Amino acid sequence: MARADFRETPRTRAARHRQGGARWILALAVAAMVLPMLSIVGFLLWKAAPVLSPDFLLRAPVDGMKAGGIWPAFLGTLYLVVFSLALAGPLGVLAAIYLHEYAKESRLTKLIDLAVLNLAGVPSIVHALFGLGAFVAFAGMGRSILAASLTLAVMTLPVIIASTKEALGAVPRSFREACWNVGASRWATIRAVVLPNSISGILTGFILQVSRTAGETAPIMFTGAVFYKSLPEGDLFAYGLLDQCMALSMHLFTISTQVPGVSDGVSYATAVVLLGSVLAVNAASIALRVYLRTRKRW
Amino acid sequence: MRRYWQRIEERLAELLIHTSGISAVIFVFAILFFVLREGWPGLASGAVDLGQMLFSGDWRPTSPEGARYGTLALVVGTFSVTVVAMAIAVPLSLGAALFLSEFAPPAWRETLKVLIEILAAIPSVVWGFIGLMVMNPLIVQFTGAAIGLNVLNGGIILALMSAPIITSLSEDALKAVPDSYREAALAMGATQWQTAWRVLLPTARKGLAGAALLGLGRAVGESMAVLMATGHSVRYPNGLLDSVRTLTATIAAELGESAVGSEHYRALFLVGAQLLVITFAINWVASRLVRGGTK
Amino acid sequence: MSKVAAVVRNAGSDTMVNVAQAWAEEYAKVNAAVSVEVSGGGSATGIAGLIDGVVDLANCSRRMEVSERARAEEKNHHGVVETIAGHDALALYVHPDNPLDEISLEQLGRMYGRGGDVERWSQLGISWPHGEDDRILLISRQSNSGTYEYFRNSILGKRGEFRAGTRDLNGSKEVVSLIASTRAAIGYSGMGYAIEGVKTLRIKAGASAAVAPTVESAQNGTYKISRPLYIYSLEGAAAAITNYLEWILSPAGQAVVRKAGYVPLVS
């Protein structure tokens, strides 16, 4: 072919320029998401710096919650996260095992999939209404850590189911077939081979839900979180299951909207502790994911 | 003997597993059931009039002249903030998804994805805090508005909140377009941009629309961030700088203040049912589109 | 599982929630075996909780009604104990740049009430230097707030209605924060919510001189818009609850009231 066929024409030049321009605009779109996030996080850290210290985490609020630390809120969030995951985790994993290992494609499974999707789409404030109606009122738990944890558990269930399904799916079918070929039952296969090999993915899903649970406010606002609770410092077992509790997310909301005269430092520091915990947990999940990927034996 | 216990264990495990399997269905119905259980007496007793609730903008639950539970202004409030949010988020997310999927140097891709994941992880109350403490004065400074808690503030915050999910789902939709399409376009001499604009976007449009709708669903359901950022005014907004109240913020603001079992309490549960209907509808349409994927 | 000996559940008025928290905070130093759980929710929710037996001490910024009392006594088979724990002077706040220093109850009625004729700052003799928008931005509270009710009853009359278009905020603190950053705004909130960045107006009632809200003026009655703060409990309540209530009425508890910006009981 003659060389002239590849000479640049005005049309191709325009296309090339448009391409370059488009690339910039698209990059700008990403920047428009990432830069505000980075500047916000940086700004939060800057305003919070004077107040952040280990003491902030371990001491109780003083001076009408305008100063001091956030210990009861931190402990409360810990309780809520642990209990809700203890409830939603096993249930979610078992449900995912059912959907992935046992159920044949049928109307029932389609219905379950639809239900999981819809459950995931329920607004968090409606979860609060559900928790209020079902756990606080109907089940008679009253406003308590128990009711709030159950509400959070229902909220995180669909995501745990989805992420566990994915993890189970990552285990090659040949593993299962090998077990079946030697006569192992379905459950024995799952217990001995599938679960151990998918545990990394399952854990990653759990950990991500930890950060989500810690950050939610609406579901706990009416089911167990309070404005303030006096609590001895440093005692990890200070809360009872039927007590109400403070929580990091609720506390941030409270001091932003209902406590007069809170110094900027304390407010921003509370936001940073919440955000920081959430991001730390997410980072742990990513690290776990990467570490376990390197250890994969297939 | 050992086989006996093994079989018991097997049966038990399978029973648990089968029961857990339908748990999701049980919970969805349970949510619907309990929300209606608390809200229905409000309708049944005549205290809340369904017509008024759906078609009147007069939300005055504690008026001495007789409580009114019209949610239209709240629906418009939700709508206005979400429209602004989507107007900002959809182009941004689509652009970002295109960039990540087609144009980004591989070295950048992972880092950018992690950064966007961070954006997604920020809790809603922190976003509300940002709206209250950071965006508020910024908006007042740049627009001269009397208050910076308004549709614009809520819209920007919601946009940043829903952008990550729209981006990631859009990226999935774009990735689902077979490489053969790209190769065919390139073979005909198209630039990457022309390929993206004329081939990939149209092909993935169902998945992209689904992604946008799921982002919309998330925005509609958001409560804390809008509660803190939109200014609490039950009214039809006249512009971006007006304060509004969304359906979600109304429930969040007033539920704690209404006595259990009172009319107001029941009305709020009915608003919750309203929200469920809206979000179910959006998510259902979205899932059909996303599942449809590419041709 | 809990290591504390007793839990006292204190809920109700949002006006009182900050002083309630301050009480709980201070009391923890006195008696660490008792854990006090403080929440807001409004006077009505506190009373409903007392009736249902899920709240031990109900904070109310208004008096419990006869019907509510009857229901509480019927459901719990115990009488209701009413305690006045202090007073709250309702203050009117404006932006520090606002030249206005005092306002009369009558002017407030014409400003906030439906059909009132005061809509612009110029009608009160205020002119903004740069000719900005002259409209008065009215800040109010959400309709089920005790503060909202009290303001309506004292300024607009029991059957009075607010005009449309008020910004109905959700918390006493938010009102003040908003006014601090909004030139054209005026709003009402408890005296205890004053911060550096706002100005408190003197109130003129009838023909007497305008009075600023202070502990003294509220206690001697010259500041007209001040209301008692009630705590309701049930007879026969556990010792932990009654001891706490007694402590609140003691000088130590009343010192907390003063520090929180409310009006302690006259000793």
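Each chain gets a letter, A, B and C, in the order it is written, and its residues are counted from 1.
By definition in this document, contacts are C-beta pairs under 8 Å (C-beta built on N, C-alpha and C of every residue); 3 or more make two chains touch, one makes a residue touch a chain.
Nothing here was measured: the structure is a model prediction, and the numbers come from that model.
Each step here moves to a touching chain, and the least such steps from chain B to chain C number 1.
In terms of C-beta pairs in contact, the better-connected of the chain pairs A-C and A-B is A-B. Greatest Cα centroid separation from chain B: this falls to C. Each chain gets one centre point, the mean of its Cα atoms, and the points for chain A and chain C are 38 Å apart. Here the CA centre of chain A is 16 Å from the CA centre of chain B. In chain A, the residues touching two or more other chains are 257. In chain C, the positions touching at least two other chains are 14, 39-40, 170.
The multi-chain contact residues of chain B, meaning those touching 2 or more other chains, are 256, 260.
Put simply, chain C touches chain B in their complex at residues 14, 39-42, 44-45, 47-48, 52, 133, 137, 142-145, 158-159, 161, 164-165, 167-170, 178, 181-185.
Across the complex, chain B meets chain C through its residues 60-65, 136-137, 140, 146-149, 227, 231-235, 243, 253-254, 256-262, 264. Those residues of chain B that touch chain A in the shared complex are 6, 9-10, 13-14, 16-25, 27-28, 30-31, 34-35, 37-38, 91-96, 98-100, 103-104, 112, 114-119, 121-126, 128-130, 132-134, 160, 163-164, 167, 189-194, 196-197, 214, 217, 220-224, 228, 248, 251-252, 255-256, 260, 268-269, 272, 275-276, 279-280, 282-284, 287.
Residue ranges of chain C in contact with chain A, taken from their complex: 1-4, 7, 9, 14, 17-18, 20-22, 24-25, 27-28, 32, 34-40, 54, 170-174, 176, 192-195, 260. Contact residues on chain A toward chain C in their complex (touch as defined above): 60-62, 64-65, 142-143, 226-232, 235, 237-241, 243-244, 257-261.
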